[in-house]
Structures are given as C-alpha cells and as structure tokens.
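Both complexes below contain chain A, partnered by chain B and then by chain C.
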Partner chain A sequence: MWRFFAGRGAQYLLVLGLTVTLNFALPRMMPGSPMVFLAGEDVGFLEPQQRAQLYALYGLDQPQWRQFLTYLGNLARGELGYSFQRGRPIAAMIGERLPYTLLLVGLALVLATLIGAALGALAAWRRGGSFDLGTLGVAMLFESVPSFWLGMILIAVFAAGLKWFPIFGAVTAGAALSGWALVVDRARHLALPLATLTLITIPGTYLIMRYSMLAVLGEQYIATARAKGLAERVVLRRHAVRNALLPVATVFMLNLGFIASGATVTETVFSYPGIGRLLYEAVLNRDYPVLQGTFFIITVSVIAANILADLAYPFIDPRVRRR
Partner chain B sequence: MRRLALVVLLGAALAATTVPVWGQAGTLRMAITQNEGALNPYTYVTGYPGWNLMTLVYEPLFTPDADNIPRPWLVRRFTTSADGKTWSFTLHPNLKWHDGRPFTADDIKFTYEYVRRNTHARWTPQVRNIESIETAGPTALTIKLSAASSGFLAQPLADLPILPRHLWESVAEPRRFNDVVGSGPYRVAEMREGQFYRLVANDTYFAGRPKVRELILPIIRDATVTFTALKAAEIDTTVRPLSPELVAEFEKAGGIKVVRGAGYASTLLQFNMEHAILRDLKLRQAIANAINTRLMVRLLLLGYGVVGSPGYVHPDSPFYNPEVTFTASKAKAVQLLNEAGYVDRDRDGIRDAPDGTPLRFTLLTLAGNPIRVRGADLIRTWLRDVGIDARVLVQEDASIIAQVWPDFDVCKGRKFDMAVFGWSAPVMNRTTNLRDLFHSDCRFGTINIGGYRNTVVDQLGVDLAATVDVAKQKRILFDMQKVIAADVPIHVLFYQDGIYAYRTDKHTAWVYQKGQGIVNKLSFVDPPKP
Partner chain C sequence: MTVAAQSVPLVPSRRPALGPVGWLGLALLAALTLTAFFAPVLSPHNPEETVGDPFQAPSRAHPLGTNDIGQDILSELIYGARISLTIGFLAAGIAVGIGTTVGIVAGFLGGWADAALMRIVDLVLVIPFLPLMILLAAYLGPSYWNIIIVIGVLVWARPARVVRSQVLSVKSLDYVEAALALGSRSARVMLRHILPAVLPLALAQFILAASNAILIEASLSFLGLGDPTAKSWGSVLYYAQVRNAFLSGAWLWWVVPPGLLITAATLGFAFTGFALEAYLNPRVRRGV
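On to the complex of A and B.
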C-alpha cells in the first residue's frame, strides 16, 4: 500500500517540480516586459536610473537563476508574493476570486455532469427515437456555439429584455445587502453565467454518456438481466447506468482540477470576478508574480484532483482494485 | 407537492427582488472598464479614466478647465517671477483632509519631495526641475525651479495630486499602500477589487457641495455588455466612448443623451526612421499619399472623426498651424515612386528599390482594437494598389511594444518597419509634446519611437521647453509643425471624436473637456470662488 503511494508520490512530486519551473520560465519567455505595468502609462518619461530603480524594487535586475531561487524560496515558505501591477499580496487577490470561480465553474461542472448524464442515458435507452435525435441535435448546437455569443444572447433575452436577471457583476454594485437578500442577489447574478457555462459543458458529458450507454447496452449481462425478468427501469438504473457512468466519472474528475483556472470568456462577458479573468489580465500585463501564483494554484489543484481520482477509482470500478 | 412548493417559493423570492435596490436620487452609476487599484496616486492604473477619477479624491493645486487650461483650484492666488523660475502660491484657507485634519502648505512640500524620492513614472519626471520649496505658514508656498519650464503649470501643478503628510510620511512602499484619505470632492466609501468602487460626496468640500451625492463605479469588462446595460438603465453612464456604429441608435433612444466633441487621441502610421529603405523621404511621402484618410474616417469612424494633420497637432488645438495641410493623392504617390526609382523590375507586382530590394514591409497593429486592425487592412490594400507590399501583423500590446518601443525606452532602439500606433489625449495637451515626439536625443524625445533625427526640430524643441510665454510657444510650435509635415516621420491618420452617452434622468451637468471627454472634475463640482 505504501509502496503504491511512494511510487505515485514521487511521480506527482516530479510533475510539481516541472510545472513550478515552467511557471517561472514561461511568463519570462514572452516578448515584452512588465515595465509599463510596473510604472504606469507615462513610463516613457522616466530617466534611466529611475527605471533601474523600479526594476531593482521588483527584483527584476537580478540574473534569472537568482530570481528563480528567490521564487522557490518564497514558494517553500508559502509566500506567493505581491502583484507587480497592484502591489497587493497575491494570496489575497486569489483568495478574493477563488470562491466566485469555485461557485461558478464548480456548480456548472456538477450540473452539466448530472444533466448531461441523465439526458445521455435516456437518449441511448431510446436510441433512434425522437428524444434521442432531438437531444443529439441540440447538444451539437450548444457544442458549437461560442460561449461569449451564448452569453450575449442570454443577456439580451433574459437580462436586458425580460429583466429577470441583472446584466453584469457578481453582486449589485454599491448596495449594502445582508442575510437572505444578499444570498438572493448573488444567486440572481450567478444565474446567467452559470446557465451559459452549463449549457456549453452539457454536450460533452451527454455525448460521452450516450456512447458509453450504447456500448453497455450491447453487453451480455444486460441481456441476462432482461432474461431474468427484471423491470426495464431496474435494468436501466442498476445495471446499465452504473457501468456506463465510468467514463463520465473519469472526465468529471479530470475537469475538477481545472475548475481553478476559471472560465475566462464567461467571466469577461458577465464581468464575473473569477480567476480566469485575473489570469488573462496578468498575461497581458506581464504580471509575473500573479501568473506564477495562479499557475501554481491551478497545478496544485489539478494534481490534487488526480490524486483524488487515483484514490477514488478503485471504489468506482472494482476491476481496477489491486490485489 | 413539496417540490412544487419549493419552486413557487423560489420563484416568488426571485420576483420580489427584481426591483433594484439602489437608484435613489443622487446616485450615479458610471461603469468603468478595469480595476483602478486603490484609487490613490501610487496605485491607480490608467491615465483615462484612472487619473480623472483619482483626482476626484486627491487633488492637484490647479485643475484643467474645459479648454485644458490649468486654473487655480486649491491655490487662491499665485505669482511668477519675470524669469519664470520662482512661483509663489497662496492657498485657500480652511482646506481639510477627509479625516478632518487641516490641509496645509506642508502637505504640498511633502508631496513634491516624496515623489522625487519614490519613483513614479508620471510624477517623478515632473518635479525634476525643482530646486527648492519653502513654506511660510499654513497657506503660503514658494517653489524655485532650476530653469524656466514651459510645461510647469500643466505638470506638475495641474497634474500631481497632493498627499496627506500625516499618513504618507512613514510609507516606504507606496505601491502597497491602500489608504484613500484625500482632500477632494469625493471620498472612497467602499472598494471591492475587480468589482466596483463607491464614492460619496464630501459635504464639507471647500468649493461647495458636489453635484452628485454618490458615485458607484462598477467594472464592466466587455464593451457590448456595457452599452446593453446603459440602454437597459442598469447603469447611467460609462467612461467608455460610444462606438461609432451605436451612435445613431443611442441618439434615438429615449432617456439618453449623446454628446460629441473633439478627440485628442491620435491614430497614426509610425515609420522606423532607421530602416534602410524607409528612411527615404520620397518613399514615405508616397506612402502617405497612397492612404485615403478621408475615406478612413468615413469607413472606420462613420464620419465621427477628424482627418489627421501632418504636423501632429489637432485642428481644434490652440497651437494648430492652419497653414500646414496635406491632401492625399494616389497619382502623386505613383509619381513620387517613379521619380525616386522604385520600379517593378522583376514583374512580380511589387516595386523594387534601385538596388533591387523589393518594397515589402510588415505593418504592426494592436490586437483588440478593431478600428486599428481594419485601418491597417485598408492601408495594406491602398499600398498594394501602388505596388508596395505591406503585410499586416496583428499582435498584442506587449509584443508590439517589444519591437517598437522596447522596455518603453526610446534609448533602447527599435526593430520594426511600420506600425499603426497612437497616442492618448493628454499627449496633445502637453506643451512639450512635439519635443517629446520628435527630438533625436532619447532623453528629450522620450516618445520618439521612430528614431527621427532633425537638428532644426531638435533646437526648436529645446527652445520650446524653456519658453514660458504662450505666444512664443505658439510660434515655435508652428515652425515645428512645418518641418515635421515636410519630413513625414509619422503620418497621422485621424483623430477619433469623443462620443459619450449618459442617461438624462440622473445627472446632466456634464462638462465636455476638449479632446478628453466628460469624466472630469468640472462635471461634478463648480470651481471655487477666488
């Protein structure tokens, strides 16, 4: 048992080490420097020694290897550093945004998996019927629409048009709400971005489930179950769906790790303050510390999700259990 | 049954909350486009609207009026010595900080010395000329400069906001300091990073009560969503200029007013003056002639813009030289190319230089700006028509800067052919702008990204920086424009008009600041009485 974890543990540490190195190197390999974002728009008027002073302030005048060691040292201490542009501790910045991202992307993933799996199972069950063909067509449609377009349509119809939901933000700006009113306010603001993200994620799960179900339904044990005289609904639930869920569960766990990277386009359209947008802006601004910090969080999250999957899989699929 | 009840309950709860919670009289919702830090002088982000909003909280001594002329604001009276080197100020009495402490000349002296010690890209260069600052009591101040400077009134006097000494004197890392105690007409009441700011009026403001009770600044990142929200009355106005294609629709919409005025932000074709082939004047003149800027204004801006003037200065600026004009002519372009020996020697449709090098260039353009991208495309088409191949490369900000203006340091050189570039509105207002843009010494020509060299322009630039008399400044600028128009180091394409929309049921006393827009101090508070 411990040998398993030692072996896997070593693998994960290696992955972590590689990604930490890449996290440091990649932003610095991009053309351009953080200068304007350190200094502001009028940076052209700075004198050389003032520029040098700014660079030194951020440790950017050091040779790369020394910057790397400083970075590693800070990381080991759990210190993610300060944003170049904002001067705020990155841990605080991520801490502010992560809950919104987890709420939006996490909830979307869960809903999309549940709805997609249910629809996929039913479609496969009634293969070739109107439900099957109908849902397949709709799934293909949502698979192909760009998320920002879908978001804009939802805004146009449900927010600007019917005024059921607000157009932007995570909360009503400037309103001092508390208790139930606050919960409802947040829920109303979450509705449309959640709907957008869920609608474009459902097709993936739906298709995986549908094909998986079709494969399972062709298996011998399904024929046996039917021959035994079990009701159709029992065959569906107890035998078919359970086995067909395996690929869906795999994909779910893989996606779980990437929740931390947010949903940049959806967050932009709805001005939802998640991590995706933070990351995107950090790339544009060459804000190295924010990039490093956010990538690190995502890496840890993905690795954690992988470990979770490794641990959970034997319980989901008994065939995988080791002797 | 229980499920049904739950659904009904949820539905009722949602319905009950469709009435917006704010929207009482006196609250203005103005959408901004991105985070502006802690809205204090060391953390605000953008020139526009960042500086404009930050100076509602922290104030410079003077404020630019609707014509961009600095007017005394915190200062009640001021005098300048004959040689322009000594400036004496008397402040208004009873000025206060938001925390109740008195605002004195000591705060001003502290601020000017603080920004010299703690490098800030905008403030530090502005105070470089100051030799000494002396206070004589809480309301009297004298500043001595080492040399007369034409831009001193605009910067720093009307630009650098004053910091409260009692809060900032122990701050060693200003960029990490998020304090927002200022002296201005608005106080920061609430700040949610990445989401919104809430400013409330300072009721004891010395110049009188601000015109709007409360300013809520939500951050809306997408342009389309911003204008959808404006139409749907979820916001009252936005700092974003209205896109040309939306103007007709918004002008017709009820409850919304659209104001239009001169825009000082420029869009231009920047040449690399050190390029082996592009350094030929005739070639640049030909390229300029091949571009139909009138048609560009019609197609890209739907007419809401002004054709670029060859001396850089906007026609509405008081320093515009009306004798410096340019009319593009394709025939002239062809004639110039032929005269200079650019002929298609190998019959591939592209002209070649006398030494055989084909006229193939790359044209860099900023991604994310559809007007510029389309503009670059039009330029490519027109240049192709006269036998020049210009390949359009659309890249993001930092990549373009790395080639055109590495590290934002003109001294570091450049590596590009041509670029569709542009400068923001404040550059047009800066007195020394033509020196900054065209002086060959990279210490003075801080935005001379093309590496242009002309000794006449250099000398005029030096004179300009030292001239305080406005009439003389005008004469020098007129001369500079003539030379620049003849040399074509840049070709100004157009100046996009500033078009702003606001809802009429909230606040209508907007003041359009020439070249810049409606988000300025004068839209929110009247000037103090002398």
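On to the complex of A and C.
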C-alpha cells in the first residue's frame, strides 16, 4: 500500500512540476518582452517604480535558472504575483472567488454521484426494460450536450422566461440582505448553475454504475442471496449496490478534472463569480498573470481532491488495505 | 503489470449486428457530412456577408433570422458544419495517431518503457484539460490550427490505454510469436503484425475522440478563443451570448439550433464509436 501511495505522490508532484514549468516558460517563450505577459498589456503605463518592483519580484535581470528558483520561491510563499490591471494581488482575487467554486462544484459532484448511482443501479436491475432504455437514452443525450448551451437554455426558459430564478451573479447586487433572506437569495442564484453542472455530470456516474451493476448481478453470490430466499430489495441494497459502488468511487476521482472544466464554462454563462469565471475574465482582458495564477490554483485543487480520494479509497474498499 | 495471455478469439465466430444505435449514429454523421459537403448549394446566403437588417426574426428570406451584424444564421450554421467537423476529424486524427503509437510501443515492449508511458497517460488524465487549453489558446492566439493541435495533443490518453490493452492480447498470439522467432526486428513486428490487428479498435477510438474534440472546440469557441475567421457552431453561440440573445425571444432561433447541431454531431460520433467498439471487441460490449 505504501508503494502505491509513493507512486501516486510522485505522479502528482510531476503534474505539479509540469504546471509550474509551463507557467514559468510560456511568458518567457513568447515573442516580445516577457514583461507584457507578466504584467499584462498595460505594461507601458507602469510607473518606473512599479517596473523596478516587477523586475525585483520576478528577477528578470537574472539568468533563467535563477528566475525559475525565484519563481518557485514565490509560489512556495503563496506569492502568485500582482494584477496591474486590477491593481490587486492575485492571491487575494483567487481567495475571494474560491469559496463560490467550491460550493458549486462540491454540491454538483455530490448530487450527481447520488442521483447517477441510484439511476444506474435501478436501470441495471431492470435491464432492458423501459426505465433502463429511457434513462440510457437520456444519459447519452446529456453526455453530448455542450454544458454552456444547456446553461443558456436554462437561463432563457427559467430565468428570462418564467422569471423563477435570477439571470446572473451570486447575490442580488445592491440589496442589503442578511440572515435567512441572504441564504435564500444565494440559493436562488446558485440553482441554475448547479442544475447545469449536475446534469452534465450525472451521465458519467450513471453509465459506470449501470455497467458495474450488470457485472455484479452476474456474480454467484447474488444467485446465492436469492436462493436463500432474501427479498429482492435486500439483495439489491445489501449485496448488489454495495459492491457495484466501487467503480463509482473511481469515476468520482476522474470527475474532479472534468468538473473543473465544466465549472469554467458554466460559471462563465451564469456570470457566477468563481475561479472559472476569473479564468475567463483573465482571457478577455489578456491579464496573463491572473490567467496563470488561476490555472495553477485549479491544478492544485484537482490534485488535492485526487489525494483525498486516494486516501479515502482503502476505507471504501477493504481489499485495497490488504494489498 | 502483466496480463496473463488469455485465449480470447479476436474474431468472434458470429459478430453481433451493428444495432439500431450504431445505425442512428451513422445516419446522423452522414447527414451532417453531406450538409458540410454541399454547403454552397444548401445555404441561402453567403454566411460572411451582411444580407439584411441585424437581429431579424425568422422570415421566408432568413429561416433562422439574422445575427447582430445582419448575417443569415441558417447559412452560418450550414457552413459551420464544415469547420466543426473538420476540427473534430483532424484533432481526433492527431490524438489517435499519438495514442495508437504510444499504446503499441508500451504494450509491445513492456517493461520500463510500458511503465513510463503509462505513467504519462495517467498524468495527462489528471490535468484539468479545459483550463490548460484555455491557457495555451490564450498564449498561442486564436487560430484554427492551434485549436486542432492543442485538442489533439491533449486527448490521446484514452486511445493509448485502449490500444495498449488490445496489444497485450495480440502480442501472445501465435503469428506474432512466430514472427519474433523468425528473427524479425521489433519495429517490423509492430508495424506489420501488431498495427493491423489494433487498427479497427483505433478506428472506434478515433470516432469517440472526434466526438470529444467537437465538444471541446465548441467550448473554446464559446469562450471567445475560437478562430475569428473560421465560424464554427461554437462561435455562433459565442456571439449569441455576447449579444444576450438568450434574454430575448431570439434564443429560439439563435441559441437552440447551433446547440442541437453540436449535440447531434457529438451523439452521432459517440453512438457510432460505441457501437463499433462493441462490434469489433465483444469484451467491451456495454449492453447497449
């Protein structure tokens, strides 16, 4: 088991190293002054004093390898750089947005896993029936729908049309709400982005659960359970679903990277002020330092979530512990 | 990791039919490909030309209305099939080319080469690909070829895995061992004996990768990172979003049709790919 964790750890370190190297190399590989990419396109308007500050921060007058070390040192201290466009440190900008994304992505992941696993188990239980074929068709459809388009349709129907939900943002701008009213307001803003992200994440879990259930239902211990006269519901719950859930845990991990991508697009459509929206704003404004900082944080988050999932796996599957 | 040599027959005695799912997928693909091919004949207007007032509702002259600069939306969509499908095909070609090569080399050579290559595959699967693509696209600039290359270079991991597992079972077949016993060099065996055996599976992977690539291209274009000179379905949606089409009645003819086309193309590729995979390799049949 320790070898497994060591291998995984090395792999995550490699991903992190790759991300950092890419972030370091991209601005310096581009034609023209790296200053443009490190400070954004407004670099021409910088005061000489700010310029000197930048040079010192990134060590631009030093050889490349020294610059790389400086860069690593900055990252290790949580120094992600400074957005001259916004006049703010990037770490603070990200810190402000992160809770929104964690809320959205966390809820979507939990909802999608629960709904997807339940639907998949039922579909496999009634293999070939109308419920099975119906959900299978819908799942394939939702796996092919672009998430941003789904979001636009939900806005057009439920926000602009029926006016059940607000159109954009995370809170009503300018409204001084507090207590319960604030919670309701936030929940109403969260509803549509959450629905979008959940709907596009369900098919993956559903398909794996269904497939895994079909395999488990063919096992002999299921036949034994039935033969000893257990009620069908008990066989389903106690014997089939529990064992079929293991691959779902794996998909949960794979979903983390997928959902980071889905969140970027979904947050953009709904102007939901999370990390993904920040990434989009940075692209729009050609604010390269923010672009890099955001990408770095997204990668770190995905790796952190993967590590958590790895640590949780032995508790889910006792067989892993013995290996 | 060694997989015991299983005596799984590569060619089942009776192949299952392609099934309704496969045929539906093929029909969708055929319809879209024909649309792309005959775009100049089918579209009522030149998609790059201002042919009417902006923001028009559907009419006889413009069945899907006009966009923010008075271009005919139907014509944009018909020509968009060319861009979206081409990007899908080319990016999938790059991805499956890399994936097949990596899969064959890893599976055939085994040992440290296999371990190292599969580590890289796992690594690529962990990276959050859309944010990475946004980063690369933002630096490299929005261009048709950049999008194709970036998607291609990032989507090869799954084909590599599937091809490798197939290579492992092909490797132990008599004719491969015979070729090796006769003293053929590894490169020759890989090219002459292994490659033909995994090619059908690679084709199924190609189709699935194309479905993936079309969705990714749509997302990138929607975020404004598409090629401004090559209008795809995703970029039509980008302008619809920027002009807030979904807040007015215009969403019915400006937002719904391009999304349905993207879905149809993705579904067409996915259905065909899944059916083909099940048809070629009974072990991966998914009960579809």
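Brief remarks follow.
Operating definition for what follows: the second predicted complex is superposed on the first by the 243 of 323 C-alpha atoms of A that agree within 3 Å, B and C clash if a C-alpha of one lies under 4 Å from a C-alpha of the other, contacts with A are read in each partner's own complex, and residues count from 1 in each chain.
The definition used in the following text is that a contact is a pair of C-beta atoms (placed from the backbone, for glycine too) under 8 Å apart; a residue touches a chain by one contact, two chains touch by 3 or more.
What you see is a predicted model; the values in this text were computed from it and never measured.
Of the two partner chains placed by the overlay, only chain B lies in contact with A:175; chain C stays clear of it.
Contacts of A:156 after superposition on the shared chain: both chain B and chain C are touched. Using the contact criterion defined above for the overlaid structures, shared-chain residue A:18 touches chain C, although it does not reach chain B. Once chain A of one complex is fitted onto chain A of the other, the partner contacts of A:279 are limited to chain C, with no touch recorded for chain B. Contact with both chain B and chain C is seen for A:269 once the two complexes are overlaid on the shared chain. Judged by the touch definition given at the top, the superposed model places A:144 against chain C, while chain B stays out of reach. By the touch criterion defined above, A:292 lies against chain C but remains apart from chain B after alignment on the C-alpha atoms of chain A.
Contacts of A:93 after superposition: chain B is touched, whereas chain C is not reached.
Of the two partner chains placed around the shared chain by superposition, chain B and chain C are both touched by A:167.
Across the superposed pair, chain B and chain C both touch chain A at residues 30, 148, 152, 155-156, 160, 167, 268-269, 284, 286. By the touch criterion stated above, chain A contacts chain C in their complex at residues 11-12, 14-15, 18-19, 22, 26-27, 30, 37, 127, 136, 140-141, 143-150, 152-153, 155-156, 160, 167, 207, 210-211, 214, 254, 257, 260-262, 264-265, 268-269, 276, 279-280, 282-284, 286, 288, 291-292, 294-295, 298-299, 302-303, 306. Of all residues in chain A, only 30-33, 35-36, 39-48, 50-51, 53-54, 82, 85-88, 93, 96-97, 148, 152, 155-156, 159-160, 163-164, 166-175, 177, 180-181, 184-185, 187-188, 268-271, 273, 277-278, 281, 284, 286 touch chain B in the complex they form. For chain C in complex with chain A, the residues that touch the partner chain are 119, 122-123, 125-132, 134-135, 138-139, 211, 215, 218-219, 222-225, 234, 237, 240-241, 246-248, 251, 255-256, 258-259, 262-263, 266-267, 270-271, 286-288. The touching residues of chain B, when paired with chain A in their complex, are 13-14, 17-18, 20-22, 27, 29, 34-35, 37, 42-43, 45-47, 119-122, 124-125, 128, 173, 175-178, 190, 192-196, 198, 214, 216-222, 224-225, 228-229, 231-232, 234, 396-399, 401-403, 405, 407-411, 424, 436, 443, 446-447.
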